[in-house]
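Listed next: structures, encoded as structure tokens.
There are two complexes below, and they share chain A, which is joined by chain B in the first and by chain C in the second.
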Partner chain A sequence: MWDFEFTLEVMPDLLEGLWITVQATVMGYLIALALGLAIAMVRRVPYAGGVVHAVMEFIRTTPLLVQLVFVFLVAPSTVSGMTIGVVVLGVHYSAYTAEVYRSGIEGVAKGQWEAARALSLPARRTWGAIVLPQAIRKVIPALGNYLIAMFKDTPLLFAIGVAELLTQAQRLGAANFRVVEMYTLVGFLFLIVSIPSAILIRRLERRYAAV
Partner chain B sequence: MPPSETPLHEGPQGVEGQPLIVFDQVVKRFGDLTVLDHLDFQVDPGERVTLIGPSGSGKTTILRLLMTLEKVTEGHIWVDGEPFSHMPRGSGLAPASESYLRAKRRRVGMVFQQFNLFPNMTVRQNITEAPIHVLGTPKDEANQRASDLLDLVGLGEKIDAHPTQLSGGQQQRVAIARALAMQPEILLLDEVTSALDPELVAGVLDVLREIAETTDITMLCVTHEMGFARDVSHRVLMFDQGQIAEEGHPDQIFGDPREERTKSFLRSVLDNGD
Partner chain C sequence: MEFLIERLPLYLDGAWVTIQLTIGGSALAFVLAMVFGTLGSMKHWLPRAVATVYVEVFRGIAALVLMFWMAYALPVATGFQLEDRFAAIVALGLNVGAYGAEVVRAAINAVPKAQVEATVALNMSWFQRTRLVVLPQAWAQMLPTFGNLVIELMKATAVAYLIGVADLTAVAQQMRQGTGETIIAFVGALILYYLIAQVLISGMRLLERRANRRLGRTPSGGTGLSALLKYPAVGGGSAGVG
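And then the complex of A and B:
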């Protein structure tokens, strides 16, 4: 039997957990966006690009959960679980966003590079004013999908004791013997954030993908 | 380049009466394919030269070498008496570094077959981008120059449009304005009307005629528009298999070609209705 009173009672704690989940997602995502772009650009450099590529392959072919726990265990104890979680999430996903950026950069017509060169534009302007604006525009929908994927991966931070939504639910559920309600609520709260995000991303897709 | 420093590789001097562009035994290979085969030719300052010939004969490669989009395999290119494909090192020449090329290529502008306008920028930004960020032209001045150039190519009212809102012919005219905004001494035109619908060709050629008549800019033009070539060029070079098969005044090349290769090429172009 569903206990609404209990639901209301635990809701503040759950929302607090959700807030931490959202924070971890947003911060991790910002890292993934920035680092992924840097990686995509370095990958075009001879030698350095190959090394970076190998590291990214390694990150993509090992589980995020293992990476989280490993870094948590080897990091100094002064570093908070939240910090570790955000950084590991960000670095892990940068391996994916880098591929997205790379496809976008490769999709920019060769003639654009040549026109930039013919105008003697410095590399900074060629990248910043011509190549990246066109490349990123094309990959916004793909990048958006990784935001949702990442959001759904944040419960893994449970493993390193970050007080995100799943951790809160687990704690409250165990203390009150209401595990089914708790997990139902967790799923529900995730949906509340995911669905509007997905709609937003689909809109972005419509706006940019056609161009 | 002071001749005293590089006596072994002394190039033509950039003074009055001397050629502006010199190709000295230039070879360009792509893998096993030899596109330019020990090519020698010169272009005088202010001269307008049209390059004709079958596709794959190396015409476009010459323009791309001058725009530094390709590097020579062998031989040297000189511009205004200074090494262009190479840079002075010690008493000889070494392949040009990127920073050397960056300084050199400012003197050269190019208009491409596919326009290559920047689609994420307005027409104005396309034209002012390089003057502002390469030449350091103040923004107001660059904007003023952009609108003057757009008037010249007949597109004054399109200054705030995006390239995708323009026809091919309009895009190409913007591309011409963009190249001119850098005030190049040498303008390279690479089949600039080949990608256009037939009814848009005349507008672009009119703009180029106007530029040819009103400026003393040196022009190298690869085209299949024989009427245009005849009107604007001082000299026509007929290319075949990476070498110059015949060269001469346009009236001679088009009216009285001597080489069989030139005759058959001109026949094939005219048969295609170009």
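And then the complex of A and C:
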């Protein structure tokens, strides 16, 4: 039934795919963290905030896969699939992180804003020294959840030909006629990464919930 | 514009498949969420362990990987070929059901203890307590997150195109290959996805309002049509299906 020799043989290739998956996740996540924060702040600006909100709403309610394939087909062929994948993943998830930041910012007590104004702090210090440190601390666990969510969305890069885990598995499985082993291994590798990270996030949650 | 109107019937066929996948997946996810969520809220360690294993395994594997496994590995391993659409529904249901089970478990645990104590004082059976006291209260609490999950599931149905289901995404690809009009072909599909999401959001809002009314609470987010169209708030662990 299960071919162990074959399993060992393909492991290096699969791990290479997993490494690309992790890289795509981390880079996309950094974009989502930065862009999400910028969006959450712009959303407080009249008019411009409304337009940005509508655009993000559209991005959030349409499938990531379609967005990926669409951008891949429209972009010039000199841009690599990996770059497109990372950027689209990051922008898609910034629609989610923006909402998380927003809830954190709205959770900051009104008195804090008023105190900053009373001290006539410039906007930069109001955000940088008063509001954001309080807001971000509270939303760290929620942001962490999106890191795991993104990791589980990276197999979609398969659709635009990035050599991530699932792509490798499909190639090797088809070449050796061993699809059961390949897809089961991919499932296991996903669990090996996502279960420990879920435990880590739960720890973070407990640590920051106490504050 | 003319391009899209001419090909609207094809797009609607694709959208119909997407809706079927969404409804089928949601129904399966709902049943699984209720069963494993209730098991997870029990005192005995065995049902709780069963629920934890289900949740961690199916939440930890991406829906696309599950779908590939169902479509390509299962027939080889068991000699039993699922129809593409059915395989997609099972994979989506198992995946989203795991997220839902956590929501159900949390909602049941959030029902105030005094409520449960009162049912014990009244000598109610476990079934009576769950059906008459715990679930109606937990229900109102789980609905907003369920709303998010339904949207996530609808978005994740696009993945079924990769195992050969003729959904909305497949139609967009077909259009592109047939005409070379990449932008119009895809924007058309994206708009339809957006519209389906808006209908789902409104529907979930209606359910939420009804559940709150039955408990004698005023719905959150105000009343009237504008409140219906608001996107439900994003909660901590609710997102990221697909």
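The rule is short, and it goes like this: the second predicted complex is superposed on the first by the 211 of 211 C-alpha atoms of A that agree within 3 Å, B and C clash if a C-alpha of one lies under 4 Å from a C-alpha of the other, contacts with A are read in each partner's own complex, and residues count from 1 in each chain.
Here is the rule we go by: contacts are C-beta pairs under 8 Å (C-beta built on N, C-alpha and C of every residue); 3 or more make two chains touch, one makes a residue touch a chain.
Computed from a predicted structure; not experimentally measured.
K.L.:
Between chain B and chain C, pick out the one touching the greater number of residues of chain A.
P.N.:
For chain A, the partner with the higher number of touched residues is C.
K.L.:
Examine A:Leu64 and indicate which partner it touches, taking first as chain B and second as chain C; both and neither are also allowed.
P.N.:
Second partner only.
K.L.:
A:Leu191 in the overlay: touching chain B, chain C, both, or neither? Say first, second, both or neither.
P.N.:
In the superposition, A:Leu191 touches chain C alone.
K.L.:
Looking at A:Leu8, would you say it contacts chain B, chain C, both, or neither? Reply first, second, both or neither.
P.N.:
So A:Leu8 meets neither chain B nor chain C here.
K.L.:
Quick check on the output: what are the common chain A residues between the chain B footprint and the chain C footprint?
P.N.:
In the superposed arrangement, which is not itself an observed complex, chain A uses no residue for both chain B and chain C.
K.L.:
Contact residues on chain B for chain A in the complex?
P.N.:
Residue list for chain B touching chain A: 67-69, 102, 105-106, 108-110, 112, 114, 116-121, 129-130, 133-134, 178-179, 182.
K.L.:
Within their complex, state which residues of chain A touch chain C.
P.N.:
Residues 57-58, 60-67, 69-70, 73-74, 96, 99-100, 103, 141-142, 145-146, 148-150, 152-156, 158-159, 166, 170, 173, 179-180, 182-184, 186-187, 190-191, 194-195, 198, 205 of chain A touch chain C in their complex.
K.L.:
Show which residues of chain C lie in contact with chain A when the two form their complex.
P.N.:
56-57, 59-66, 68-69, 72-73, 76-77, 151, 155-159, 161-162, 169, 172-173, 176, 182-183, 186, 189-190, 193-194, 197-198, 201, 231, 233-237, 239-242
K.L.:
Going by the contact rule at the top, pick out the chain A residues touching chain B in the complex.
P.N.:
The contact residues of chain A facing chain B are 109, 111-112, 114-115, 117-122, 125, 129-130, 133-134, 137.
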